[in-house]
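To keep things simple, chains are lettered A, B, C, D, E and F as they appear, and every chain counts its residues starting from 1.
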Amino acid sequence: MKFGIMVNEGPYQHQASDTAYQFCRAAIARGHTVQRVFFYHDGVNNASRLTEPPQDDRNVVQRWSKLAEEHGVDLVVCVAAALRRGIKDENLAPGFRISGLGQLVEVGIQADRLVVFGD
Amino acid sequence: MTTKKFMFVNRKAPYGTVYALESLEVVLITAAFDQDVSLVFMDDGVYQLKKGQQTKGIEHKNFSPTYRALEGYDIEKLYVDRESMTARSLTEDDLLVPVTVLSRDQLTSLFEEQDVVLSF
Amino acid sequence: MLHIINKSSLERGSLDSCLELIGTGTLLLIEDAVYAATRGHASSGKLSEIAAKRNVFVLVPDCEARGVADRLIEGVKAVDYGGFVDLVAENPNCHSWL
Amino acid sequence: MLHIINKSSLERGSLDSCLELIGTGTLLLIEDAVYAATRGHASSGKLSEIAAKRNVFVLVPDCEARGVADRLIEGVKAVDYGGFVDLVAENPNCHSWL
Amino acid sequence: MTTKKFMFVNRKAPYGTVYALESLEVVLITAAFDQDVSLVFMDDGVYQLKKGQQTKGIEHKNFSPTYRALEGYDIEKLYVDRESMTARSLTEDDLLVPVTVLSRDQLTSLFEEQDVVLSF
Amino acid sequence: MKFGIMVNEGPYQHQASDTAYQFCRAAIARGHTVQRVFFYHDGVNNASRLTEPPQDDRNVVQRWSKLAEEHGVDLVVCVAAALRRGIKDENLAPGFRISGLGQLVEVGIQADRLVVFGD
């Protein structure tokens, strides 16, 4: 089955991004495809390559980048939401790309299920 | 292109958080993709449609006129939960746009026939 | 003590928790909390009760933004941002119920 | 339809709103919503009622993180992240009550 | 240096949001400034003190042992709201650390005697 | 009177930063002093110089910078919270500085009132 994922909150402040990540990993382990993760609202902050969490905590941004690298998951950051919050190419983490809201609608149409994670 | 049924569930008041505003942006794009778009306003989301919003004092953009513009994008399925209106003492006269007021049973059926449900 | 509430009373429990502990304090409703002070709102009854005994204020710019400035219940007093500052200054301490 | 709740039922209204509209749907509690399914919790009664008629699931890693995995009410089924994926796949559509 | 009464009101569950964890960081620093520190746990905040938290499955850091370490920083005023415990069917045996359970009236008095009240 | 302010949410997603700003302006207009605004949790995202809100909306970050410039308000971003979320000197807006949580406690001690704005 093809999944689309939407993440609406930033890293650490809410568990949304963590749960979305665990869902993606489990879906891939089950043999499903995660076609795209779309980051909206404060979710765009998941794409900042400047985050440096404490050594004894998880690294939310790096986990997403690794998921993109290892499983070809398309990580898309909404450009309008990203501009409002200061996410641009210059601080974008590997594996993410900035694009329009159309990418969310497209995955909503093409995927079998769209699952939303937020506050 | 495939046409799917997209439902946008608005449950939050405007201005206190950004969700109402950014939800509208998704709604407009979804309509531009020629999808079957429904909007549901329930819980505090019904306040998004309240007439008379004046945002100068809080220096926010007043985005409530956008609801009036939805018709121009062929977005005409606006549903409001009756019980949410009652708990807030709102009537259809208080709202910026014509809506269809639904009971909880009617809303349940509406939810079940959707392909994609996005909550903001 | 000034108790500051910024959340809708129908979405969060902060107003209810605050009212349990308000004691002789003063209440200020800001942001999405202002809806509770509108006529016919499900929380307006309990706010009227409190307003009969304590000072209850609402932040006007937030009421105006939400289109409810003309439907505030009796006994609730309106303040602007300057009035908000005065309330914080007049009360010995304040608590934002986040 | 799969209804996904991630908020505490004592802090937010999303569980109550969802239960009004659940119809023949399935309920999954994740994150802070899992507390509602613990024995003696103020919301556990209404969850028991629903669990007698519909499928109600809780996400185990969230229960373990919060130290409540050993006090879940009868009739509620436990899933891990893989089970969460299966629930989304098995149901024709899903709604995250944000 | 002046000593003030700082009260930290914890009303949110752990892990679902970061507030509980980052609140603890403020508490520790405040104690390091030799201030009079009180912690109140009410509403879902009482869950922060629940025994048996195992966070491996969600890959979060388990910060609950920090509550046990508070005593070492001379932070000994831990108050819990009785009604919040009852609504969640928690007893003192369920908690990681010894606490003082207070009624709503006692909490009201405690709030009023503080200089600085921070809510998380 | 001397005020300390704490801001716990980022720009745009929540009204907290807006209300805090209006409070500061009103306090200054009343002749009070705003000694320090301390940004914690997602509040650190108020300090990103990369934000570009739409032309017809307020610019939350610039407003804070201007307040610092015109009224000497000390804008302090918590270093630990900022590292978690990707706010560093390289994307820090004018008028902000990064420092420790001690700056919050200090203003709590020195100011007559500490007012918190959050979610």
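By definition in this document, a contact is a pair of C-beta atoms (placed from the backbone, for glycine too) under 8 Å apart; a residue touches a chain by one contact, two chains touch by 3 or more.
As the structure is a computational prediction, the values presented were derived from the model and not from experiment.
*Asks:* I need the common contact partners of chain D and chain F, sorted by label.
*Replies:* A, B, C, E
*Asks:* Just to be sure I understand the contacts, which chains border both chain D and chain B?
*Replies:* Neighbours common to chain B and chain D are A, C.
*Asks:* Out of A-E and A-D, which chain pair has the most contact pairs?
*Replies:* More C-beta contacts join the chains of A-D.
*Asks:* Measuring centre to centre with C-alpha atoms, which chain is farthest from chain F?
*Replies:* Farthest from chain F by mean C-alpha position: D.
*Asks:* Do chain A and chain F, two copies of one chain sequence, contact each other through the same residue numbers, with over half in common, or through different ones?
*Replies:* Looking at both copies, the contact residues mostly coincide.
*Asks:* When the C-alpha atoms of chain E and chain F are each averaged to a single point, how far apart are the two points in Å?
*Replies:* The separation of the two C-alpha centroids amounts to 26 Å.
*Asks:* Which integer distance in Å separates the CA centroid of chain D from that of chain E?
*Replies:* That gives a centre separation of 27 Å.
*Asks:* Let me have the rounded angstrom distance from the C-alpha centre of chain B over to the C-alpha centre of chain E, please.
*Replies:* Taking the mean C-alpha position of each chain, the two centres sit 39 Å apart.
*Asks:* What are the residue numbers in chain C that touch two or more other chains?
*Replies:* Those would be 6, 10-11, 13, 31-32, 61, 80, 93-94, 96, 98.
*Asks:* Could you tell me which residues belong to chain E and also touch two or more other chains?
*Replies:* 15-19, 43, 58, 60, 116, 119
*Asks:* Multi-chain contacts only, two chains or more: what residues does chain F have there?
*Replies:* Counting only residues that touch two or more other chains, chain F contributes 12-13, 15, 19, 22, 41, 54, 80, 116, 118.
*Asks:* Should the pattern of chain-chain touching be classed as line, ring, star, complete or other?
*Replies:* It is other, because the touches fit no line, ring, star or complete pattern.
*Asks:* Check the chains against each other and report every pair that touches.
*Replies:* Pairs of chains that touch one another: A-B, A-D, A-E, A-F, B-C, B-D, B-F, C-D, C-E, C-F, D-E, E-F.
*Asks:* Where on chain E does chain A make contact in their complex?
*Replies:* Touch list, chain E to chain A: 15-18, 58-61.
*Asks:* Would you mind writing out the residues of chain D in touch with chain C in their complex?
*Replies:* By the definition above, chain D touches chain C via 10-13.
*Asks:* Under the touch definition given earlier, write down the residues of chain F that touch chain E in their complex.
*Replies:* Result: residues 6, 40-41, 80-81, 100-102, 104-106, 108-110, 114, 116, 118 of chain F touch chain E.
*Asks:* Which residues of chain E touch chain C in the complex?
*Replies:* For chain E paired with chain C, touching residues are 9, 11, 19, 42-43, 83, 104, 107-109, 111-112, 114-117, 119-120.
*Asks:* Touching residues of chain A toward chain F in the complex: what are they?
*Replies:* Going by the criterion above, the answer is residues 10-13, 41-42, 45, 48-54, 61, 80, 83-88, 90-91.
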